[in-house]
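So, here's a batch of structures to check.
Across the two complexes that follow, chain A remains constant while its partner is chain B and subsequently chain C.
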Partner chain A sequence: MNLVKLAWRNLLRNKRRTAITLVSIASGCAFALFVIALMDGIHKKTIEDAARMLAGQITVEHPAYRDAPGPALFVPSVGAMQAVASKIPEIESVKPLVAGQGMVASAAGSVGVAFLGVDPAIEGDVSPLARHMVRGRFLVPADADARGVVVGTKLAARMHVDLGNKVVLTTTDVHGEVVEELLRIVGIFSLGSDALDGGLVEMPLAVSRRVIGLTDDEATQVGFLLGDPDSEEQVIAQVRAMVAGQPVTVYSWATLLPALASWEASGTRGHHVICGVVIFLASFTILNTILMSVLERKREFAMLLALGTSPARLRAQVFIESVLLGVAGCAAGLALGAAGALAAARHGIDLRDSVKDGAAPTVGNLAVSLQLRPILTLGDVVFVGSLVLILTMVIAIYPTLRSTRIHVANTLRAN
Partner chain B sequence: MKYIVELERVTKEYDLGATKVRALEGIDLTFEKGEFTVVMGPSGSGKSTLLNIVSGLDRATSGKVRVADVDTSACSDTALSRLRLEKIGFVFQSYNLIPVLTAIENVEYVMLLQGRPPAERLKRAEEMLAAVGLDGLGGRFPRELSGGQQQRVAIARAIAAEPVLVLADEPTANLDSKTAGSLMDLMETLNREKGVTFIFSTHDPSIVARANRKITLRDGQIAQAAESMITAKAS
Partner chain C sequence: MSPWRLAWRNLQRNRGRTGISVLALAVSTTLLVVFHGMVYGLDDLVSRGAVNLGVGEVEVHAKAYGLDQSIYATLPTADAIVERARSRGIDAARRALGGGLLSSGEKSSGVRIWGVDPAAERALGKLPSHLKAGSYLPDTNGNRVVLGSELARILGAKVGDRLALIVQAMDASTSTEMMTVDGVLESAGEQIDGTVAIIDRRDFDALFGTDGKVHEVALSSHFQLPEEQVVAVAKSVAGDAADVQTWRAVLPAVANVVDITRSSAGLFSFVFFAAAGLGLLNTMLMAATERIREYGILKALGATPWRILTDVAREAFLLGSLSACAGGAVGLAAVFALESHGIDLSKFGKLSLSGVGFESVWRAHASADGVLVPVLGMLLVTVAASLYPALKAARLEPVKAIAHV
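Coming up: the complex of A and B.
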């Protein structure tokens, strides 16, 4: 009979104590894994929504556009770029965009806005905005001729306009001349962000190009959407190679949306804090039960030492008992946490009804997704499992050392 | 090696804070191989302390102790543990079997610590269980055995590793007279046939009657030594 077998039998000997320890390890492990998966899901969904609605995970711009955005700082040869990008399998779609600032006016007054020209044929499939229409419809290719636009609920309310109403956009073109365009509202959206619902006008790409004087082969930005956001690092290198020699710069979403990038980074640190707190609390139960187990068995340990068991072997036996508890507790906890995360990922947790007027919390003017779907990764499972297992082993050191710190003769005599 | 155990002016004091209690006082004693000795005396006379010092479970405050030619006074805890493992068998009053091991695994345990091969351990353990009359009960856990059966397993464990010395502290105290008698028969046979040295600490007159040497302790000193193999001298 080896030490593992002996340790396992000792664990089964006091089923209640073992069960309490297992439950505390497993529940800490499960909760930590679920929370991490949930936070991952919120972060990735919010970032992906932002990337899909705006300029993709990878964006090509004129080198000077970041510092002083203006219609004259455009990206040329967009068609060629699209053709080459279509050969990179990781790129799901390419979004030419025309972004600008201006003022829209209705009979009720004028409001400063940001406008975004998008290709309705692409955007309808990829942009979350298309799924957040509360009235009317999203843009369709025919809107290029009809000058149809969509606006947010708050902007519509401020301008006292509704579906079918006309507004006038005033902006400057590539030559710096003030230009105007009459637009017709075909849809009203609600993204849950005051900044976007109250200050964004989305229109067909062709209309925005015409307004600011760009050709069909030019755009202020070209966004690349990735099928797998984790492939960003690899694809960005390919895109850089693709545009080498052209007067453009390639950016990651993290550069263009620094507030989201900071939020994600702080969220990762938050994961670790949450994990630490949960597992720290669970560790007291683990320490208590392991230590109790050792103290209750002083006589047994004294007898084993009397028979000639070396202190090292006895300590190894006690330590192995703790490791077995840790492994079993981790396995149960990870299974439970993973099952919970996968079930929540499948069915979703919808918190949209829990916020007032659909106003979600925002990060960098972008609404955080309130349709929560945890994302479970093997890395999370390995991280939580390793953390709990290592902690269990660290906690076991003190009881292990205590197990042989006994006076054999006195202990046997006292009992 | 003439003597299995030699004690020379052994004293043991327990420090109880304000006072010191002297459990053994200047004991000079030797035990030859093959003795079947009983150490008697009232409670608190120092019987268990004497056995603990002989076994290395406790250390003398002063004096010298040699067991199987090893000066235990100078040994480290690890060396004492090794000495017990290789030379000494124990039979405790309350059996002290390992509860999570079956009878045969309990008997194997000391041999396992000695590093003997599994097949040899198993064969020897089966022989020992048969010798103590527990043939066929090797698969039972201690809780599934009666007190007498558990003590038989303890005796089998004590002798399985072929020690030169068996120390038995009140081995029949928790047993009925019939079971106690049969176990004493068994130990007498082992002493006679295998030459195993036994030192008992007991109040039990039936054990005293079987001993070929009797030592009486009183207040930590040898009060009386009798029978043919007497080598003790009171200090």
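Coming up: the complex of A and C.
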């Protein structure tokens, strides 16, 4: 009989013990896989929302803009960037943006703000902000002439303004002159971030260009949105090659939103460590079980050795028993964890009501998404699976060596 | 023989098995203690970040200040609050707050202006020493400004540069002053980085015409007093006319980060306990099965089911205490080591949550419940895991049990 079959039969000899061990490993794996997929989902959703609302996964800027943003440091040809994007199928849409800093004033006082000029025709479809309007409506193309803008709930409250009210934006234009513009509030949003709800004014691109003095082909940033965010590395290389020679620099979202990037990196690492510990504890039951079964079967092993089984063969058998337990438990656990993650991804887990005052944690001024949808990747499955297998093999070493450390004659004579 | 002694001898009968169980339990307990220590450390990291970088443990505002943050909502009792707090050994700082536009050449940015008493701020928190460049305001005023790191970047401003600060004063007139950059703060989270410009309160008065009035008092006992006590001191002076809030209320999103960490830590501990419990259940079941004959004989000799149940539970208790204590001790040692050395997070870049930056060294925090919860929890799991086999053993029929092979 071959060793694997023999090992399997040995495991089945004590069904309950095997079952408990399998349950332990499987639940450990399932939990680890689910948590990793869940965290992945939270990270990716928050980053995706940020990219869609702000400057895309890939952003083109004037080379000097990053170090000291100013209205005079703009991308000179939006048309050229759109031409680049049209040649790369992974780019879903192009967002020309005009971003700046200023002060808005109403009768009640003035507040420092960041303003963002966006194209209402594109933005309505892609930006999460358009889905977070609590009053009024999001920008429409006609707002370009009517100077309609949307502001956050906290900014509106602080300025004592409401839908239809007017505010004055003061900022500096490309020539360094202080300029003022009268704007009318058409909508109020709530993004769950104090900084954005209390300090962002979003307006039509045309209005922002007029205020700071840019032409229709100029913008402070051009963002590229990707259909598949995982294609970023490849696309960014393509874009860089295509814009070489033009006075622009191409950045990844990770450079523009370093807080999100550090959060993702440290969070992913942290959860891998915690899940590693869970898997380690679960795998430890294998040590418990196999070592116990080795000790229990001393007589049997002595008999086998007496009958001429080579120690190597006996060790191989014990080793295979533990690895089989690991593989079976891991397979069941991965299936369970994957099923759980996929089900949760389909239905979503909504935690918005479970945080106090709906105040979601924010990272880099962006509210972390509390509508959780795990994202399961092959990499996660491979991580959990290989961790269990490696741990199982390491854990199996001691029982394996121990199995043949018996004094054959004494053991057989005992009892 | 006393039942405890009997249990002890039973454990020693099969040293291999006992050894494995002790090892498994001790390792789980160690991991749990370290895990709790690190989670408490994370709480500390976030809450100390919030308290030390600006907010203080408690903030007092006029009731009307609220969401509007209107410059007219001043706090008349500020001086009295500061005096009372200092008499109780609590550091306190007055701040006048307003909005404005800071501009440098063609670059400008809306800012949140803090008019501060530099000496009081130095005593209150760590912000004044959290500098990337230059220095924090000196004790004499002179139209100097300290900028948040992101604000300095947006304005392209360096120490020594002169910037125009434009504000709307109390009388609604526009007021402008040239300010010299005295220092640039190190990143302290988005709440501060991109928007805060700190100036001397006397300069603030001149600019806004506030005439010594302030909007906020921040208090900190440097974690020496419970927050409620600091709140009580402020309330005793401010009365009902003011909002006295702990940092948790001022920054609910940060407080929620702490809560979320705590509850996910709870979930993880549950999973840890369950994983360890299952392993143990296995060992206990094996031990009980192996000894079915023995139990049968005991029952035949007149042992009551209760006696057998308690015997098994006693063994589990002994085993559990031994390993949980050993694991707890090792875990505590590891927590102390992680408390003094810490884990360097700086390779992940500047970390901040909910707008508040925190230090890049994550240290464990040793605490009594961080050790007791895992140790007692593990003991409980051990005894609970032994009950099922114990019940089985107690319910055996002597004749069948003796015949069991």
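Please note the rule applied: the second predicted complex is superposed on the first by the 415 of 415 C-alpha atoms of A that agree within 3 Å, B and C clash if a C-alpha of one lies under 4 Å from a C-alpha of the other, contacts with A are read in each partner's own complex, and residues count from 1 in each chain.
FYI, contacts are C-beta pairs under 8 Å (C-beta built on N, C-alpha and C of every residue); 3 or more make two chains touch, one makes a residue touch a chain.
Just so we're clear, the structure is a prediction, and the values are computed from it rather than from any experiment.
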First (chain B), second (chain C), both or neither touched by A:9: first
Which of chain B and chain C A:278 touches, first, second, both or neither: second
Which of chain B and chain C A:305 touches, first, second, both or neither: first
Partner chain in contact with A:72 - chain B first, chain C second, else both or neither: second
First, second, both or neither for A:313, with chain B first and chain C second: first
Chain A: partner with more touched residues, chain B or chain C: C
Chain B versus chain C as contact partner of A:408, first or second or both or neither: first
Chain B versus chain C as contact partner of A:347, first or second or both or neither: neither
Parts of chain A lying in touch with chain B, wherever the complex brings them together: 1, 6, 9-10, 12-13, 300, 303-311, 313, 407-409, 412-413, 415
Contact footprint of chain A on chain B as seen in their complex: 48-49, 52, 55, 57-58, 77-78, 81-82, 84-86, 88, 90, 92, 94, 96, 98-101, 105, 108-110, 112-114, 157
Chain A residues within the chain C interface of the complex: 16-17, 20-21, 23-24, 27-28, 31, 67-72, 101-105, 108-114, 154, 157-158, 160, 170-178, 194-195, 199, 258-259, 261-263, 265-266, 269, 274, 277-278, 280-282, 284-285, 287-289, 291-292, 295-296, 355-357, 359-365
Of all residues in chain C, those that touch chain A in their complex: 14, 16-17, 20-21, 24, 27-28, 31, 35, 67-71, 99-101, 103, 105-112, 153-156, 166-168, 190-191, 194-195, 252-257, 259-260, 268, 271-272, 274-276, 278-279, 281-283, 285-286, 290, 345, 348-355
